[in-house]
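Two complexes follow with chain A in common, the first pairing it with chain B and the second with chain C.
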Partner chain A sequence: MKKRIRNFIITFLLCFPAAVIVFPVLFAFSGVFMSGYELKQYLGPVLAGTEGMARWSLIPQMPTLSPLTALLIDSPQFFVMFWNSVKLTLGILAGQMLTGVPAAWGLARFSFPGRKLLYTLYLVLMLMPFQVLMLPQYIVLDRLALLDTHAGIILPAVFSTFPVFIMYRFFHGIPEEVLEAAKIDGAGNLQIFLRIGIPLGSAGIVSAMILGFLEYWNMIEQPMTYLKTRALWPLSLFLPEIGLEEAGTGFTAAVMMLIPALLVFLGGQDYLEQGIAAAAVKE
Partner chain B sequence: MKRSKLTGLTGAFLILMLLFTVLSRAADSAGIANVTLGRPQNMMIAHVVRGTGRVEQNQERAVVTEAGQRVGTVYVNEGQKVEKGDLLFGLDMDSLEEAVLQQKQEIRKMKLQIQDAASQESVGEQQRANAQAQAAENYSLSAAGASRALSRAKENLEKAKKELKDYRKEDGAGAEDTLAEQELEQVCEECSAAYVQAQQNLQTLQWRIEKAVDDALRQAGQSGTAGLVQNMQEKTGASDGAENIPEEAPAAARAVPSEEPAGESGTEAGAFGARAAEEIRAGESGTKAGAFGAKMSWGSAGGEQTAEPEGEIWIDSITVEETKPEKDAESGMPVDDVIIESDKESGDKTENGGTPEGSAGLESSAPGDGAGSGSSAPGDSAGLGSGAPGDSAGSGNSSVLPLPQQEADRIEQEVRSRYAAELEEAQQAVDEALAKKQKAEAALDAYRQEILASRDSQSAGQEQQLIDAVKAAQTAYEDAAIAANEAAVTGKRSVETAGLPEARNSTIDIYRLELSQKRREFLKLKRLEKAKGRIKAPVDGIVTGIYVTAGDRTPDGTAVMLADLTKGCRMTAEIPQDQEKYIGRGDLVTVESGDGKTKLEEIPVESVRTKAEDESVCLVTVQIPENKLQIGTAAELSLTKKSAAFPLCIPLAALYLDEKNQTYVLAVQEINSVLGTEMEAVKVMVTVEDRNDQYAALAQGSISASQNIIVSSDRPIDEGSRVRVVS
Partner chain C sequence: MRKKKIRKKHSWAGLLFILPSLAGVTVFTLIPFADVVRRSFTAAVTGAPVGFGNYRTVFANTAFRLAASNTLRFTLICLPLLIVLSLALAVLLQNLLFGKNLLKSICLMPMAVPAASVVLVWKTLFHQHGLINALLEKAGLAQVGWMSSGYAFGVLVVSYLWKNLGYDMILWLAGLAGIPTEIYEAARVDGAGEWRCFLSITLPNLKSSLYTIAVLSFLNSFKVFREAWLVAGDYPHQSMYLLQHLYSNWFRDLAFDKIAAAAVVTAVVVFALIMLLQRVWETD
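Entry: the complex of A and B
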């Protein structure tokens, strides 16, 4: 009984921060059903400079689906950007699968001179923020004539070090005995990688992919820097273009953008946790 | 959550998004305007000017008749076509006959009035002539009397002298004594003459002063009431001479080379004479003045020669010449004229002055004594003539309002004081002359007493008697001379007064004018009566207005208005003001009747003008050839005028107007949008040089001939609209 009361109190107390954290999502959801006039009334003081303080109501006073129609029917731009985002994200993830998984496997399972140094280099590069790499990347992309193309976004991301780092942890955790047994059974290196490494490290691969998806779905600096043609822009650049007049559209777009991330998250929740845990464990 | 379920959800989401992608694309493309592009072309801009109007008559003809006649019947209606000679309306004959009768009576009345006025005038004329004749007669009588007295006095003097001479001859006095005595007598006579002269001068001066006072008063009155005087003179028709004299006379006098006052006044009189002569000749002052001149026969032949020179004249003798025409021929004197003969003498005392008006009133014949002065009869006759104008000046005076008494006194005082010194001098001269004369006489007496004393008392007594008689005769002669002068002066004045011309009287002339007017009216009425009061159309035409009604009286102005068909017709069309520049006088236009049946080509424009009531409309007038279009027909006028070739012409649909009324065209531009490369309309400002209802010509510079612009669109577009180029 006493324990139950204590749990209740703890839950109650934790609800407050939870509500604070969840609030923006609720905010966006309620905005989808608000009319432009209502949005202007609430947000005017912040966005349009009208007098008073900004307010918000989680329940729309005049519920309407007009922002939804405005986005889904009247904004072909939104879909262009949506598919751009899908293309970029999937392209990057596929590329990482092709290059990152073998790289992680190699680093984790083979011993060769300079392996330690290479791994350290990977770590250092992983810690580098984008701002540091931006200029060199720009120059390289310019030389390769990859500026203002989707490839210019995809290729650098394909060779990102973070998924290698995540997967390295999982591959490294595969017991040596399993691999030796396979060798004894006559399996070659490739067979061992495909038949034993990938299945056993799949949790690591999936978690790396999910983390990668979340990162690249919301990617904003790279397209902003390297893409000039508006037709190539991903969805993350749609919202900055929205003004107060289309605030409803903005909220709707935000929710739409949230949906794929949510689905991926729900689908790969277990792997995600594992991946995050793996990244947290220091060697 | 099951993984498969999640995968299904993701798949559904993606399919949904795909669907909406297609849907939104379709919706978007439905909202894009399909436009066609075109390039500016080199072409001519044709302007078609069109205007409609009605065919009107060129000239209206007003039918008028005598005002105030009763209308019997009106035979026409408005809009009716009439031919020349057609009956328009008829007057009531009874009323017309009555009017004719009335007019006849009026004329008769007028004639009687004229007769009355004429008889009145002739009576007045008679009276005036009588008065003048009387004045002249009085003058001549008094002058004759004076001259008779003078001549008698002279005869007496001569007789007394002769007696004395005879007695002395008989007595046998010494020749030396006689000689000395003659010398004294001579001196005595001279002194006497000088005295008479001085006395005459004094009289003349006094008369002049009076005249100067008169003039001054009149002038003061005139300047004070100049406007009024002017009015009155205009009204009464006072002769020009009357108002001109005061100014002109001194001017004439100045022309004479004399600085002395006496001479001046003399020439003044002469100038008056000249003036009179001119007037008589011009016949301006009327027949009366002429008649007066003729009656009095004071010749004015030499009038304008004027200029009484500065010679001193004094009256020596006055004679009435009865029959001496040949002798006085040079002064233009007919027989039976009153002639006052004045002897001239070149005097040594210039301060004596002339005898202006005094002698001016006299006729000097200068018998045998032409020496020195060179003065001549015409000058004097000029003076005589001065009567008339002088008096007419007086008549001007009569029309002047009386001055206030104080002012009049002041002016009189002033004039008199101006002449005071002269008057005193003259007075003194008289006194001196008298003293001299008395002294000379005393000397002569003393001498004679001396001689007589040396004689025996009886003869001395006898001689003394004779001498006394001579002396008395001498005194009597002097008095007579002075009296004659006075008579001449006063007589002339009364004649002048009688010679005043009368105010003009135009009553008869006015009556005559009225009569002729009435006669004209009568003739008109008579003509109407003759035509049985029927008014006919003077020309072929259409009745456009009837201003008479049966039973009422005819108006003063137009009775019936006709559109004159013989003068042709014209059409006036209204066109908008902005098309005025495309049409001008002489342009050949096409006129088409409203029903389209008649089409007239190449009709020249007669005039183009702005409509007075509405400035946004212009009126174009063309003459319609005879018998082509009926008056009142609606018609359309059109003219196509081609401009020069313009290199940049676009269809009018491609031209847009912004809110500032500036013209622009829309070109297309590729833009880079989220949806890819799209076409967008962009604004290009242009200047329109010319346009018609289809095309506009653009000024060069803003766009080029190779630039594509939007010439048509399937929906309204403006700057920034996304467009899709078709074809």
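Entry: the complex of A and C
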């Protein structure tokens, strides 16, 4: 009984930080259903410099879908940017699957001279911030004439070593006996990888893909540095261009960008947690 | 002996699996980075060797000093704050009977929220006539120029904490799950209280997690640039002018010699930190 009461108190206390954490998201969602008039009333002091202070209500007084329809019907730009985001993210993830999964398998399950060195190299590269790689990648993209193209954003990201590291951890955990048994049955290296490695390591692959999706859907630095043509921009660069004057469009576009990420998050939360935790456990 | 033989036989096949990835890494990262190291010792336009000239220019640059000291200050304030808060959350959450999963989801959610999606929210909250100042006014307190004074730095700290608290909490929970429950049971039998258990069992057992979490948090701290840039643009208030701003501004000005030297310096610092982490991993 005493334990239950204490539990109740802790839960109750934790509700405050939780409320603070959720607030920005609720805020963005509530903005979607507000009419331009209501937004102006609340945010006038921020938007137009009218007297007084901004106010907000998480529940719109007169819920409306007009900003949503305006965005979806009247701004073809939005669709172009949304599609750009999808293309970039999926392109990167597909490339990471093709090259990263075998690389993780090779690092995790084979021993050859230099393996340790390669592992350290991948770890170091995974941890390098974009600012270190900004100029090097610019130089390559320039040489390959890939600046200001989607391929120029996708290709360097495909060879990010982060997913390799995550999947490595999962492949590493597969018991040796399983593979030995397959070897005795005469399975070759490729067969073992495809028939045993991939199915048994699938949790790691999914984890890496979810972490990757959240990262690249939110990508800002790379497109900002390498894409000059506005028509190629992803949503993440387009949104900040919508000023407070068009708050209705702004909130709606923001939520449209948020929804795919939230769906991936909710659908894959278990894998996401496993992926995060994979980095915490030492080898 | 036989096992060793099997391993040896398969050894080069492993490299074949890695080859496509390694080829890409070499082309897109290794070779160009080597080129940047070379460039950091040459003049941008003529390509003439200048020795450590670029490095001297960078370290003497006032913008670099400002950005470096802001970045350092940001790290020194945020890391301990984030690490302690997320540990507290993890420990509290671990023992919960109900609502555990919901609270966990909520704390982790900001990780999924693209920075661009909340930029309007941030702007309305921290504007001079925004919601936070409105609250302050109601409470009879003075208004604060959040984005136009030293408080901008605080906004940055809050953004970083908001985004990373859940991530670090999951890392701590993984560390906590690795502590055998028998130790706690034995200690309780000996009459140790909650607090005593926390100090004598939980904390010492989390030591190796601490290093990992510190390094990962440090590296995630570079990404706070997204929020900073979205809210305040290329030239924010000087209290939140970070190395990331400086690099992207130099890049726009095509000051490649300075960026090359600065990138090498950053790489060396990060590399040293990682090596430190690896030694810690290996020793315990």
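Rule of thumb we're sticking to: the second predicted complex is superposed on the first by the 263 of 283 C-alpha atoms of A that agree within 3 Å, B and C clash if a C-alpha of one lies under 4 Å from a C-alpha of the other, contacts with A are read in each partner's own complex, and residues count from 1 in each chain.
Following the convention adopted for this analysis, a contact is a pair of C-beta atoms (placed from the backbone, for glycine too) under 8 Å apart; a residue touches a chain by one contact, two chains touch by 3 or more.
Bear in mind the structure is a predicted one, so any value in this text is a computation, not a measurement.
S.K.: Which term applies to chain B and chain C once both are placed on chain A by superposition, clash or fit?
M.R.: Fit.
S.K.: Would you check which partner chain A:F79 touches, where first means chain B only, second means chain C only, and both and neither mean what they say?
M.R.: In the superposition, A:F79 contacts chain B only.
S.K.: By residue count, is chain A touched more by chain B or by chain C?
M.R.: Partner with more touched residues of chain A: C.
S.K.: Determine how wide the angle is at the CA centre of chain A between the CA centres of chain C and chain B, giving a multiple of 10 degrees.
M.R.: In the superposed model, the angle at chain A is 90 degrees.
S.K.: Thinking of the overlay built on chain A, is A:R230 touched by chain B (first), by chain C (second), by both, or by neither?
M.R.: first
S.K.: Classify the contacts of A:W217 with the two partner chains as first (chain B alone), second (chain C alone), both, or neither.
M.R.: second
S.K.: Once chain A of both complexes is superposed, is A:L179 in touch with chain B (first), chain C (second), both, or neither?
M.R.: After superposing on A, A:L179 lies clear of both chain B and chain C.
S.K.: In the superposition described above, what is the shortest C-alpha distance between chain B and chain C in Å? Please give a whole number.
M.R.: Value for chain B versus chain C, nearest C-alpha atoms: 14 Å.
S.K.: Residue overlap on chain A between the chain B contact set and the chain C contact set?
M.R.: 264, 266
S.K.: Going by the contact rule set out above, which residues of chain C touch chain A in the complex?
M.R.: It is residues 6-7, 10-18, 20-22, 24-25, 27-29, 31-33, 35-36, 89, 92-93, 95-99, 103-125, 127, 129-131, 133-134, 137, 162, 165-167, 170-171, 173-175, 178, 208-209, 212-213, 215-216, 219, 222-223, 225-226, 229-230, 243-244, 247-248, 251, 256, 259-260, 263, 266-267, 270-271, 274, 278, 281 of chain C that touch chain A.
S.K.: Can you tell me which positions in chain B touch chain A when the two form their complex?
M.R.: 1, 3, 6-7, 9-10, 13-14, 17, 20-21, 23-25, 27-28, 672-677
S.K.: Would you pull the chain A residues touching chain C in the complex into a rising list?
M.R.: Answer in residue numbers: 3-4, 7, 10-11, 13-14, 17-18, 21-22, 24-25, 27-28, 31, 43, 45-46, 49, 52-56, 98-100, 102-103, 105-107, 109-113, 115, 118, 120-125, 127-140, 155-156, 158-159, 161, 164, 183, 189, 193, 214, 217-218, 220-221, 224-225, 235-237, 239-240, 242, 244, 247, 250-251, 254-255, 257-258, 261-262, 264-266, 269, 272-273, 276-277, 279-283.
S.K.: Residue numbers of chain A touching chain B in their complex, please.
M.R.: 72-83, 86, 229-231, 233, 259-260, 263-264, 266-267
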